[in-house]
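Shared between the two complexes below is chain A, which pairs with chain B and chain C, respectively.
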Partner chain A sequence: MSEWLLWARGPMFRFAMLLMVLGVIRLVVLSLLNLVAVSRMAGDKRIPIATALRGTAGWLFPRWGALTGHPVLTLASMIFHLAMIITPIFLGAHILLWQRGLGLSWPALAQPLADALTLAGIVAGVVLIVQRIFARASRELSRLQDYLLPVLITIIFATGYLAMHPGSDPLSYEAVMLIHVVCGNLLLFALPFSKLSHVMLFPITRLVSEMGWHLAPDAGQRVAATLHKEDQPI
Partner chain B sequence: MKLRFTKTILWLVAGLAPAVLVMRVIHGPGSVTALTDIIPWGLWKGGGVVALVAIGGAGFTVAMLVYIFNCQLFKPVVRGAVLLALLCYSSVGLGLTVDIGIWWRIVFPVWHWQLHSVLFEVAWCIMLYLVVLSLEFSHTVLARIGWQRMLSAIEKLTMVIVIAGISLSTLHQSSLGTLFLATPFRLHPLWHTDFLPLLFFISAIGIGCLTISVATLFVHWLYEKAAPMRAVSGLGAICAVTMTLYGILRFADIIASGKAGLLVNPSWDAVNFWFEILLSVVIPVALLSQKRFRVSPAAMFWIGVTATVGLTLNRVNVSGLATLSLTHATYMPSWTEWAVSAGILAAAGLIFLFCVENLGLYASIGAEDVKRARAAGSLDPADWRTTFFSAHRHGEARLYSLVFVAAIAGSFAGLSDDAVFGVEPVATSTSSPRRVQVVKRDNGCSAPFTVALRDDVAAHSGAATSMALMVDGNRNGRYVLFDHEAHETRVEGGSNGCARCHHMNRPLDSATSCFECHRDEYLAVDLFDHQIHEIHTGGNHGCIRCHPGAGSPRTRANTPECTSCHPNMRPGNTRVQVADAGKRDRPSGYMQAMHGLCIECHRERKATLPVERQGIDQCAGCHGDLPAISGAVWQSWL
Partner chain C sequence: MHQQPHYTYYAEDFPLEERPRRFLEAFAAILRYSNYGPALDTYVHVSAKCSLCTAACPVYQATGDPQDIPCHRSELLLRVYRRYFTLAGALKARFLDSFHLSDGYIDTMAEAFYRCTACKRCLASCPMGIDHALITHLARWILSEIGIVPKALLVSVREQLEGETRNTSAIPTVAMRDTCEFLEEELDEIYPGAGIKFPIDVQGSEYVFFPAVSDYLLEADTLMGNAAMLHAIGASWTIGSENFDGIDYGLFYSDRMWERIIKAQVAEIKRLGGRVMLIGECGHASRSAKEGMQNFIPEEERLPVVNIMELAHAGFVSGELKLIENAIEQRTTYHDPCNIARKGWIVEQPRVLLRHICSDFVEMTPNGVDNYCCGGGGGTVSIDEIREFRVMVGGETKAEQIKATGAHFVVTPCANCKKQVSEIIEDFKLDVVRTGLHDLFLQAIIMPDGQKPEARRVFE
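After this line comes the complex of A and B, so read on.
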């Protein structure tokens, strides 16, 4: 068991972490290349950075108005995101790892608060998974990764909580830690290759979709030509 | 599709190098190479520098043929040859930078002039030649971007540049051979000869002809165009002549200097030599002298590959492989060394392909051909590969960047912790030494002194007292008595001997451990010499005599005992008995031997000794390993 744990914390972690960092850089570069190609074709050459930033900032906050029918889901989603962003970065045990590996450190979250956030994250994760499975509209829209990713993240929360509280842990510490580390690595690994990439691409996606609607000047005629309807009224 | 496949492989291999290179630059070569003090020149030097310089010989050979001898026949490949040389020499520069211990000193030859050094000449030649090659290659770039004035200025200088390039190549190709004249006691005599400079130079011309042929043929195969076969077969003919000359010189030298016997002496080196000659001389000369092979692209390609491998083997032999038998060393490059060498070559290959596509390196490969070769073929829009790699723009970029990034992460994961974090000394905690007063006296045994504590001075009135240290010598938290005075007289160097113990500490240690000097007590001892047994049982045919059973693994565990062949190996009446009675193939260690010899006597003498010395058969009676320091304990062992 301890050899597996060493492997998961050593080579596997290094692989996942570096792949995540380089993969995200790769995605950003490719998206920007796309953006350049789009703007080269567009009639309107302006790059709507302000609109994109406004859109990004706007979507960071829950839209109560738009989703009044599902306040529980909105809340669960928000808690899930907050827990996922704050706990891994500001957990004292994680900061120790950073300090040991790279010599970096920053203030840690108070442990009771981290515990509370983790438990809230677990509850929110379960709510989101249940909704995925049982709400028909969600089910119709879901891909495989939409089921797997929340499950993976909830497992990470749960095993992380157990690892911090060995007293309430029915399994052995090393087993729980192994699951925690392996699932964490899988999450890092999946980040640049799944919808998780929105952590970096969120603002760029706004920009691309804004630019994407800047059509080429003769776009209308070209569509008509493709459809063989040149002489027909639109 | 084969273009895309080739590029994918190249990107993948190129991705193996960066992580290793970064870690090597940060933490030094020790943790990513298998080099030792005996074999300090490994794959990076033999393959990445010495062999690559020869492979880059294409540049000056073809440039000389085209610009000096005005052979228009070779015009189609001259740009490719110059680029090939430029890429080889750039790789050499990079390879050498990461290979030398303190990498930023790669620039030192610029202002530290060691005029007596061959390496100094090589360094300068390669630096200057890189500049010359860049100027030569700037032709192609300037023509492509259309800077006419600059281009015409460079064109006026062509002759000067080419002549400079040829002179510099002549100098450093041969000087690399000169370098190894300094290793007569390392290099096997089949390779070491005073003609090394000449042999290096001639073979560089021969191999240069073939490497550019291989590159040209491969590129034309990739882009599905007919290669300029007249130029290629012309190069083949030149190579046949050159390599014949090289072969004659090599054998004439070996025979004239009386080493011919080594050619037929059955040894690993002779096999290596003949294999190298077969690949680099026999096969190329035999096939290239026939026209039907010279005009066939496939034959030329494989002949070229064979000869390149053969000549690379020659350079690797001279710079390392053929030194193993005289130095009795072993060296196998670590995977990180392979990754760096292959990665640099793959990156050079990608740059070559980039120039083929964008700079019109070969007149025979136009923009249309490139476009056709790069087309992905018919795509199934529903296929996941289409979604990932081709649906949007930059389909190629998506694929290549993915394998590149994955290769970097993979190679980083494979590095050892020492390579990633650097080699950290481990602090061992020791208890501080204590100074105590002792008496010494003759105990009537072969060991000169018994040391007793001051507490017992009363019992030995009249004995001289002195000071001794109690040190935690073995780092196990238990004190042993350490006779400092005796060490002062015993340690080499007399009064200057302090440094033996006090100034050779490891990082974070404050004094040298006992076992740094007294290490043979703890070392495993093994008198079995496999090589001697191999020779006496007749080489490979003898294996079965000690390792019966063809299917079972040939390990020490399933061999018969030594005594089954050597019945008189251990005298029957010896006092030293081996603890592990099952396998008596190991002699006793120092500790085992001493215990076996001494304890019996001590037990016998115990009966004759006074009561205060009844501890003579206890461990602490000799070793003074003191688990607790109290008067009672001392009393018991005195």
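After this line comes the complex of A and C, so read on.
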């Protein structure tokens, strides 16, 4: 067991991290190159950064307006996101890992607060999974990754909590830790290839949507020529 | 032998051979020469299927059919993109029995993308910032290149670009001139001796005026209000006899047509030596002109595009346009046309004017950038055969909004919204009068010499 754990925390983690970083760099670089290409082709060459930033900033903070439409979903996903952003970075046990790997450290979250956040993350995760299965609209939209990702993340929260509280742990510490680390690695693997890529693409998407309407002049003419329709009546 | 498929809207017969191949060829050509690729690339990655847009879409809220969820509709096209235009999709197709484009799938898209009114309300509800209206816009263009277009839109554009009258309603120039003369006589009864004119082909005018051409047939009061307002502020304006239609249905189904129409309009302004493109009370005409000018007209030839409500507002603020305070006593509310309100372009300007001339102005909830579409957006209002769906389903929310205000007048400064709201009033039997902003001006404008309008027939 401990050899598996060493493997998961060592080579597997390094590989996952490498793949994640390279994948994310590729996505971001390609997206930015795409935007440059759009601006070059478009009649309207302005890059509406201010509008895009405003839209992005609006969604970085809780949207109370959105609560009126889907209160449970909005609240659950807000808590889920908060737990997911704060605990990997500010949990004391994680900071030790950061320190070992990068030599950097920073103040940790108080343990009771971290516990509360993790438990809230678990509850929110379960709510999101149940919502996806039972709300008709969500179910109709869902793909495989939409079910797998919240399950994976909720497992990470749950095993993380158990690892911090070995007293209430029905399994062995090493088994729990192995599940925690392997699932964490899988999440890193999945990041550039799934909808998790919004971690990096989030600030770019709104810019892409704005620029999407910056169309290319003469595109219609060229499309018609390609399809051999330039002389056809309407 | 295949049968021509029947959609809820009429479409002219189109070739049935190898539709999937031709759809993909058109898609590929559009990706090659226009700018949609990056948006699709990003959307296939980040689309989270969170379902928050279900609370924003008036069509889905009315039908409750999962097919009408904005994210679901966009996925129809994104799936095709992923399969045929990304490496991952190509690989998946090699190893798994994955999706492939079929005739039936094309028919599903043909229906779905014309249920969307392209009102863009879902954009603000998407945490990822996916613009589903952009996908609708693109999908309709691709479909049109293989011949799938609602006939109502197609024949209008055909008449506008290739017909003799060069306008979507096929109004001969002589009939337009007659209408203008008749309206001048009418105006002379409201402002006797003021000499309000509809100038036609006046070289060197500052503004060349493009209302939705249907105003000449249906909205006499709007046009008279336009002329009275322009007279009051002393504007130098004209109507071009060779192209006097602001409508641009290219925005609804084809960038190719959008570009040709805006170029023809700009050519008319050039012929007359005009300096500004002035659009009448029409949402999509305003947006298609403003964005079309930026997108398709070379920088050195671009002209400013102004909506007539902006001009009235500027005149009012500068003191050139004087309006009788509280001229309208009945309760009045305002419907925001999506194409001018959603991005915050024209929201406050008409309200400043309405609060001045109306003693009892009330808002709908929600309003402004967050307004609900009338249900006839995206060109659907022109498609008469879908009236029942468009009005009774798509228009239900709007009917309830209007009813809740208790207003006597509902001001809808858009040719599309005007037709749709009239039909909503008729079908839901609402006790409301639908009007334009400039229609009300006919009871409120004070001419520079202090002349006020003669009391005239009250709106029926």
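What we mean here is this: the second predicted complex is superposed on the first by the 211 of 234 C-alpha atoms of A that agree within 3 Å, B and C clash if a C-alpha of one lies under 4 Å from a C-alpha of the other, contacts with A are read in each partner's own complex, and residues count from 1 in each chain.
In this section, a contact is a pair of C-beta atoms (placed from the backbone, for glycine too) under 8 Å apart; a residue touches a chain by one contact, two chains touch by 3 or more.
Keep in mind that what you see is a predicted model, and the values were worked out from it rather than measured.
A.B. asks: Examine A:Leu73 and indicate which partner it touches, taking first as chain B and second as chain C; both and neither are also allowed.
C.D. replies: The answer is second: A:Leu73 touches chain C but not chain B.
A.B. asks: Looking at A:Ile155, would you say it contacts chain B, chain C, both, or neither? Reply first, second, both or neither.
C.D. replies: neither
A.B. asks: According to the stated criteria, A:Gly23 is in contact with first (chain B), second (chain C), both, or neither; which is it?
C.D. replies: In the superposition, A:Gly23 touches chain B alone.
A.B. asks: Is chain A touched at more residues by chain B or by chain C?
C.D. replies: Greater contact footprint in residues on chain A: C.
A.B. asks: Just to be sure I read the superposition right, which of the two partners does A:Pro11 touch: chain B = first, chain C = second, or both, or neither?
C.D. replies: A:Pro11: touches chain B, not chain C.
A.B. asks: On the A-aligned overlay, A:Asn34 touches which partner chain: chain B = first, chain C = second, or both, or neither?
C.D. replies: It touches chain B and chain C both.
A.B. asks: Examine A:Met84 and indicate which partner it touches, taking first as chain B and second as chain C; both and neither are also allowed.
C.D. replies: neither
A.B. asks: With the two complexes superposed on chain A, say which partner A:Ile122 touches: chain B (first), chain C (second), both, or neither.
C.D. replies: So A:Ile122 meets neither chain B nor chain C here.
A.B. asks: Where on chain A do the contacts from chain B and from chain C line up?
C.D. replies: Shared contact residues on chain A: 30, 34, 37.
A.B. asks: Which residues of chain C touch chain A in the complex?
C.D. replies: Residues in contact with chain A: 25-26, 29-30, 32-39, 41-43, 45-52, 54-56, 60, 66, 69, 71-72, 75, 88, 123, 125, 127-131, 134, 145, 154, 157-158, 161-162, 254-260, 291, 294-299.
A.B. asks: Taking the touch rule as given, give the residues of chain B at its contact with chain A in the complex, in rising order.
C.D. replies: Going by the criterion above, the answer is residues 19, 392-394, 397-398, 401-402, 405-406, 408-410, 412-415, 417, 420-421.
A.B. asks: In the complex formed with chain C, which residues of chain A make contact?
C.D. replies: Touch list, chain A to chain C: 27, 30-31, 34-35, 37-38, 41-44, 52, 55-56, 59, 66, 68-70, 73-74, 77, 135-138, 140-143, 146, 193, 195, 197-198, 201-202, 204-206, 208-209, 211-224, 226-227, 229, 233-234.
A.B. asks: Enumerate the contact residues on chain A facing chain B in the complex.
C.D. replies: Per the stated touch rule, the residues are 10-12, 14-16, 18-19, 22-23, 26, 29-30, 33-34, 37, 101.
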